[in-house]
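Next come two complexes built around chain A: one with chain B, the other with chain C.
Take a look at the complex of A and B:
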């Protein structure tokens, strides 16, 4: 019996001997391609980013929890906010219910999901494989965060459409151009936060605890559902250090009207400055990963 | 044959925190001055009990861990400091069912890992079907990995490990948990790869497997090398008939000391 099993397996493998020969033959092509790669240095990086983004979207859609967060959560959150604001003016509904739930969905999907993804990769055992590949780890993770960004924008649109239907008022923007610009800047800022958190998570597993503790306080500090000036004065410095605070302030101005250019530029400069800071911190975190994660053995699970 | 892996006085410590309220740091010496070398085209087996330092050694050699001290060179490159040059030339497969994206198909997994290894689309189009055929997953290439049996996942891992046509393949307990026919299939793939000139460093707990597949074997216990040589030479030097007896003899002596 044992002999027959071995024989069967041997035959199966013998069939693939030709395949192996071909595989080795192709290996020679690879070497010439590696030489050609120098001519188009950015091509592979773009391919890695796109490929990682696509993989991330497929993976995320395969997870029931993500589907809930992307599709159902905005509806529940939007409905709750609408119940709080339903007696208010349509401007308040747009500023706090539509924008609040839209930004909350976008923030959750891009920043927090992206950071959590590194933990999922770690438990799947894929983190070590992607880290060990010749591609830059930063580009791989950037692709994953961008994949979440596409889904996050979808979630944001669902929020706005749902509340528009619920409240019977359309989402109207007075300053369309600045709104598009501010939204793009906000997305870039959220991507940078996602990269920064995922980088810290790769270095230290304890970041997960910090991230989960901070999720709701951040929502409150950013003034997603109400203006930040109703919060105690000592919380303002914390609010100011979070880019969603400024993104929301700018988006609300674009929606309701820019009555003070000074206030608009004030928040715009803060948003741009914080985005640059987050990008720099994320680059620093990924630079640290190369040494620290390999020193402290945080890429895998024991 | 030249040495493609050279390990000299390799040491690796892990520092872990113990205690909840009163925390203290604990240092564990996983490798205590390990030295060995592997020749080009050789199948080299690392044997040892759990916690002996086999996986740590493989992780250092595959650039996933930094050694505390000592020297680890693979294909003439330092595993710490020259990893950019080394990574395109090697690959590894850790035992078990991990290191794959279960919610994606076998094909999607291989395409993604080819992109990570910056393999040109033209080469991918030829290589991926060949690898799928080699590991017998051609028919199931569009199925999600989560629907695969353990053996199928292991074979897909082999295909993933060969995606960059590596010069050296590191296998950490590749047949763990496989049924006998699955293990035979996997061992045959490894043998064929060896016949094609690939250098293979593997760890295993199965002595028969090591005896059958490895040209040379290194036995480690408590982070130190306690035996090195061909299976035949090891048996002769210990005066034993089987590799299992050699293993028990050498490892047992180390633990008694």
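Take a look at the complex of A and C:
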């Protein structure tokens, strides 16, 4: 067992070095460069992000927990929610079961996995390698989060398809254009959350424990499975500070009909504002990592 | 005298294995995972039940979800015991030791029953504090008995899953799936009648299903003979799971001796 763990660690370091080599254009593993379709024309940052994202997707699929999060979790969670809402209208099923389990799956895949990635790299001994590479640490991690995002969107689709099959009702969207726009914005916001959490995790090791208990507060406060207006009034400020709340509100409006443009724009502004805030916080967190890593020299300490 | 000595050794090895393998070295982690998270889980499912079933009396769902909390201990604690032994390099020593394997096997789950009791109590107290859960005082002893039998039964499935850890490297996948299977098939979160017929049949054979039904009946002052019958069923199911788990352990142990593959998976 010990030997296999060491092998894994070696592989991980080699994989991480592949990214760096791809990025710097000095890698001998031309297959990974060709596979990623990384062209010089994209510019250095895009190349870093794309290589990192592609590698992340390959690595994630090697982990059984990720496969569970991506493939099995949407089915189990969606099934449970559907059984609860079985005797409700198709509108409720669409709003709370389909969208709820889709967002929950996306959240689980992006935030949980992205935040855990730093810890995994640290455990495997590859964190210092990535950090000391000439490519910017932030971009390498952004690539990882984006890789998780692509898989998370797959998870979201699985979730919606499964519940459509189960309930026998198709996923119908009244306002298709705004729905696509809102979904894209929502995904960007989730990526920002993933970056922010991964940054916090790198700064504080105790964040790892918090990661394990974050699911239920998010599901409660964001109204993933029920509307937030049934919660006590004092919880609303917390709900409003979380971007999934606004993404869900907007998505539900696009699906069920936008009856109040004011409400739509209200949530849209909140979603955009929070996304910018999360991006700024993630930049700050990564700046702190940079300073602390040089000052304390404990980046790789488990 | 030898019985006392034997009991002492049994309790000691249960306690030592719980401390060593479950790895609660950080009190903060214990508080967050074993107290805060169960509270949040009960709150989430209670609010959801209130909204979905349009009722203020959600006693059955609080009880169901609180008892279901023990699945964390049963599945992630007991279920990963043998896998953890192998990962830490002690499985060979356990298998090679002359100790009675049945007691070693059962002993791994004992402390988890008490630990799970704390988690279930946390869930029930949360339900009492925020959602008005009430159980009449004269029914309290039998309610506690129902909880203990349910937890014993849940440990049975944990020990069965644990054996998978002997032949499969990635036991975590099974652990996560098992947790959701119990959530869906025990009727903790929604009425079992909503499930397809074949799933209802499976749920009848699973631990916790009868225990949850019995605890709910106790809460509404249901007929005692019905409660007793459900508890006997729950106990028998738990025992069957333990025996199947032990038989599997014996089989895998034999296979690993013959093929010398104990540490290979």
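Following the convention adopted for this analysis, the second predicted complex is superposed on the first by the 255 of 302 C-alpha atoms of A that agree within 3 Å, B and C clash if a C-alpha of one lies under 4 Å from a C-alpha of the other, contacts with A are read in each partner's own complex, and residues count from 1 in each chain.
By definition in this document, contacts are C-beta pairs under 8 Å (C-beta built on N, C-alpha and C of every residue); 3 or more make two chains touch, one makes a residue touch a chain.
Computed from a predicted structure; not experimentally measured.
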item	value
Which superposed partner A:48 touches (first chain B, second chain C, both, neither)	first
Dominant contact partner of chain A by residue count, chain C or chain B	B
Which superposed partner A:140 touches (first chain B, second chain C, both, neither)	first
Partner chain in contact with A:86 - chain B first, chain C second, else both or neither	second
Which of chain B and chain C A:76 touches, first, second, both or neither	second
Partner chain(s) touched by A:65 [first = chain B, second = chain C, both, neither]	second
Touching partner for A:219 - first (chain B), second (chain C), both, neither	second
Chain B versus chain C as contact partner of A:170, first or second or both or neither	neither
Partner chain in contact with A:280 - chain B first, chain C second, else both or neither	neither
Touching partner for A:263 - first (chain B), second (chain C), both, neither	neither
Doubly contacted residues of chain A, that is, touched by chain B and again by chain C	2
Chain C partner contacts - residues on chain A that touch it in the complex	1-2, 64-65, 67-68, 72-73, 76-77, 79-80, 83-86, 88, 206, 209-210, 212-213, 216-217, 219-220, 225-227, 230-231
Interface residues, chain B side, partner chain A - complex	14-15, 59, 62-66, 80, 84, 87-88, 92, 94, 96, 98-104, 108, 111-113, 115-120, 123, 126-127, 130-131, 133-136, 144, 160, 162, 164-165, 180-181, 184-185, 188-189, 192-193, 196-197
Chain A residues touching chain B - in the complex, by the definition given at the top	2, 5-6, 8-10, 12-13, 16-17, 19-24, 26-27, 29-30, 33-34, 37, 44, 47-48, 51-52, 55, 58-59, 62-63, 124-126, 128-135, 140, 291, 294-297, 299-300
Chain C residues within the chain A interface of the complex	26, 28-29, 32-33, 36-37, 40-41, 43-44, 47-52, 86-87, 89, 170, 172-173, 176-177, 180-181, 183-184, 189-190, 194-195, 263
